[in-house]
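Reviewing the structure listed below.
Here the chain labels run A, B and C in written order, and each chain numbers its own residues starting at 1.
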Amino acid sequence: MTDTYQKTATVTKAPVFSMAQVAPWVIAVIFLMVLPIAFGSNSAITIMNQMMITIVFALSYNMLLGQGGMLSFGHAVYMGVGGFFCMHLMNIVEANELPIPLPVLPIFGGLFGLGLATIVGSFSTRKAGTVFAMISLGIGELIAACSVIIVAFFGGEEGMPGDRTYFLPFFGTEFLRQIEVYYLIAFWTVLSALLMYLFSRTPVGRMANAVRDNPERAEFLGYSARWVRFFSFCGAGFFAGIAGGLFAINYEILTETNLSTTQSGIILLITFLGGVGFFFGPILGAIAFTLLQSVLSLQSEIWQLYLGALFLATVMFFPGGLAGVLMMHVPAARMGRLGWLVGPYLRTILPALIGIAGLAALMELLFHVRHSATGDTDMTLFWVTFDSHSILPWIVAIVATVGGIWLARQGAPKLRETWHRANTPGAAKTTGGAA
Amino acid sequence: MDLVVINLIDGLFYGLLLFMLSSGLTLIFSMMGVLNFAHASFYMLGAYFAYQISMYLGFWMGLLIAPLIVGIAGAGVERYGLRRVHQYGHVPELIFTFGLALLIEELVKFFWGNNLMAYQEPEILKFALFSVGANAVPAYKVFMIFTSIAIFVGLLYVLTRTRVGMIIQAALSYPRTVEALGHNVPLVFMGVFGVGTALAGVAGVLAGPVLGTFPGMAFVLGSIVFVTIVIGGLGSLWGALAASLLLGWLTTFAASSSFQFADLLNFFGMTRPEDMSESYLRDLWSLTLPQIGPILPYILMVLILVFRPYGLFGKRDV
Amino acid sequence: MTVPALQLEGLRKSFGKTEIIRGVDLSIGRSERHAIIGPNGAGKSTLFNLITGRFPQTSGKVRLHGHDLAGMAPFEINRRGLSRSFQITNIFSNMTVFENVRCSLLWSQGYKYSFWNMVSRSRELTEGAMEILEQINLTSRAQLPAGVLSYAEQRALEIGITIAGGADVIMLDEPTAGMSHSETDYIVELIRKVTENKTLIMVEHDMGVVFGLADYISVLVYGEIIATGRPEEVRANPKVQEAYLGAALEAEH
């Protein structure tokens, strides 16, 4: 967050968007269009839908954290409330046969998220930092707790179900099939992402960065830090509400889980893993997290432990997240020196991965021994089934852990040196030629 | 009347428990400017460690050893984690402690599973000390109240009467100056973090048998503790005390009251609708005060923030 | 008589029982370059903070072009045409140099809190920012993050941010603090250039800078102004020599 900065639009005299700015969006649209052709199975589309909803949510969260410097522990509330409102609207449309097409529904979710954000933001954006974080947590808890009490709106513990197919057919589509929902969500994802990107280029979006870096200085430029925060907050609430509307359309039910602080924590985790310093960071985070979740949760009972460890490691060692790590390579890439790094990377990261896999195996073994039913000693790990109470798997895991980490440490100095040289203009690939 | 006395005792118990957490949290916050999101996780660790120790050495050794281990763990976290993240600023520090809270919860699940632990108060304190009307007051609760008061008096003595306390107080406001005077401020920070987390550990050891020892216990109490220090005013020890007791009594009295919102609606001349399923106010008619007891702290926090943004005792420039 | 750019009337400020500013009366005319000097702890920075609305005053009045500034937040004061720099470098270090300057132009160019304009599409903003960068000689640094600039460059950038908004009263808090001789000369020239036809109020320790730049000098000692006047008058004032300048001037000779 500190050493990363928003990439500036290049200082061009011509006031039009350059190719470099437009190209990623065109590619994204084409990519989303053809994706279901490559992965057409229902489960793949389910995952992709979830991914896109998470992208909108994470981007809206980063309007607060990355761009505005506001750490929220209660952002799920705006998505949830927007979603609940859309559920009600769905039921009203069904009951009264209102002539509204389904694709406009997220707008209403967004407006409701915006409304709630306007109320909460009016007193929570006075300060950033710790105070803001604590208020967001308190409000989040308050609304989450209300969901059990105000049954009329939140549906109590059963949640609020609805049916998306009663809307006015949209060019003959009634959204009975997953693939139709996919394109609806894809449209809203691209539109929301584009709008959020453009927001970051507007005066208030630019000032959000200024206020994040130095609220006091911003005040002496004529801007009230509080109002700048308030506008970012409202924008974030609006797009979170849109994500909630998309959730409502996709799943046709919202429950109290959607409002919970756990949900708010997850979106913080996703956004931070992806990287808060760059616009595309949260997109990476949402994609990586959804894939990780759908793969790991099938493989391991303690995947959340790994996730927690990964998150903590990211905070400590890579505060720029995934996007930060990627962007670190830009200077070397500009000088055409990425090739230099391949060898040292392989020599360090490969053993490190083996070490991590070994460590994970140890954890799984320990977990199995501690928590499996008595007599159940069979376990499957890395596609191998074995007896967790015998000595051999333990030895293999320990050897892999120790060996992998040792090898990685051996390769690290070389990697550091090559990294340094690849980023120093005019440096040679190796020290002293053939020495 | 009897109920009032019982509620006063229960509220005091809960309030002091809150203060044991919020005081450490406040001390750490005012010294390092970082709100330790994982503070309640150390409370949970205290309970789990004490449970594990009590299985072999009994409750009293648990009470003695578990907070020590928690404090050492806390100091380690400060030394090897927080100090590293400090260079990135306060928000990453807060995110770090948030991640730590996640990880500790997962670790607890990893080692002890998801179930409630059979951690109980010692046999020697399992009796009713006295009773008020028909309500018995367990000796353990009274023991807890006195233990926590003793700890605070000790803490207050150390902070205001000893040399170490003076250095800590000075380091709170002028860390640079204190460092220039030759004191090892990072060590002081680590010590305060250790003591603060150990205090949370004590709270965990004491509360574990009463409130239950399970992986969600950190989260249940944690958010209330944060609300407490926001209400009291970030960084104010007296504010933390006042808010802790206030919330303790507020939630206890709310939980035991028989107030129904239907009465209030009737009082304002509204009549109960015949067909409840159509009325949007239907939830209000069936609402009781004990039901909304758990969210009262949050409502109070919002009110405080709207009318007194810096908390009850907060300084304006925190 | 015209309305002075900035007027202080019986300004007082206490922190607890300690009175830091003890009744300051000062009138600074338009397009005047006014330096406030005084020994350490005289309350110069506090005076700055009172004028710019960072702290509320205990009593007294601050008038900017005749308008009372009582109870105004810094951003409101700024919108009335007063801009300031800080003793400690205070820039947006994660943003590029260009962005720093462009942000400081936004309000004065009337963009306010708009979220329907694209900043990069505005020719006025881009050209305005480049013009300021030209003035402070940072054109070649435009795309670097401000945090990586050298100290003197950061100070120059800070002055650029301060003047960019087009304020006509500029307040600089120790603009040359911690600089080498050549850097100081460079910044003084810069200040002279960018504050042409503007009212400049500055706190400064370097007497060379003060006597080279200021039209008028006020001497603040223990929260009171003991002398105000042309540099040569202040230099000759026995009270000033006794309280403050004597030591400094002797040291110079």
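By definition in this document, contacts are C-beta pairs under 8 Å (C-beta built on N, C-alpha and C of every residue); 3 or more make two chains touch, one makes a residue touch a chain.
Keep in mind that this is a model prediction, so the values were computed, not measured.
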Chain whose Cα centroid lies nearest the overall Cα centroid: A
Of all other chains, the one whose Cα centre sits farthest from chain B: C
Distance between the centres, which are taken as Cα means, of chain C and chain A, whole angstrom: 43
Whole-Å gap separating chain A and chain B, where each centre is the average of the chain's CA atoms: 31
Distance between chain centroids, defined by C-alpha means - chain B, chain C (Å): 47
Touching two or more other chains - residues of chain A: 2
Footprint of chain A on chain B - complex, ascending: 29, 33-35, 81, 84-85, 88-92, 94-96, 98-100, 102-103, 105-107, 109-111, 113, 219, 223, 226-227, 229-230, 234, 280-283, 287, 291-292, 294-295, 298-299, 301-302, 305-306, 309, 318
For the chain C and chain A complex, residues of the former touching the latter: 52, 73-75, 78-79, 83-84, 86, 90-96, 98-99, 102-104, 106-108, 111-123, 126, 130, 142-143, 145, 161-162, 165
Sites on chain A touched by chain B in the complex: 1-2, 65, 69, 71, 73, 123-124, 126, 129-131, 133-135, 137-139, 141-142, 145-146, 149-152, 261, 265, 268-269, 272, 302, 304-305, 307-309, 311-312, 315-316, 319, 363, 366-367, 370-371
Residue ranges of chain A touching chain C (in the complex, touch as defined): 2-6, 8-13, 15-16, 198-199, 201-207, 209-210, 212-214, 216-225, 227-228, 231, 235
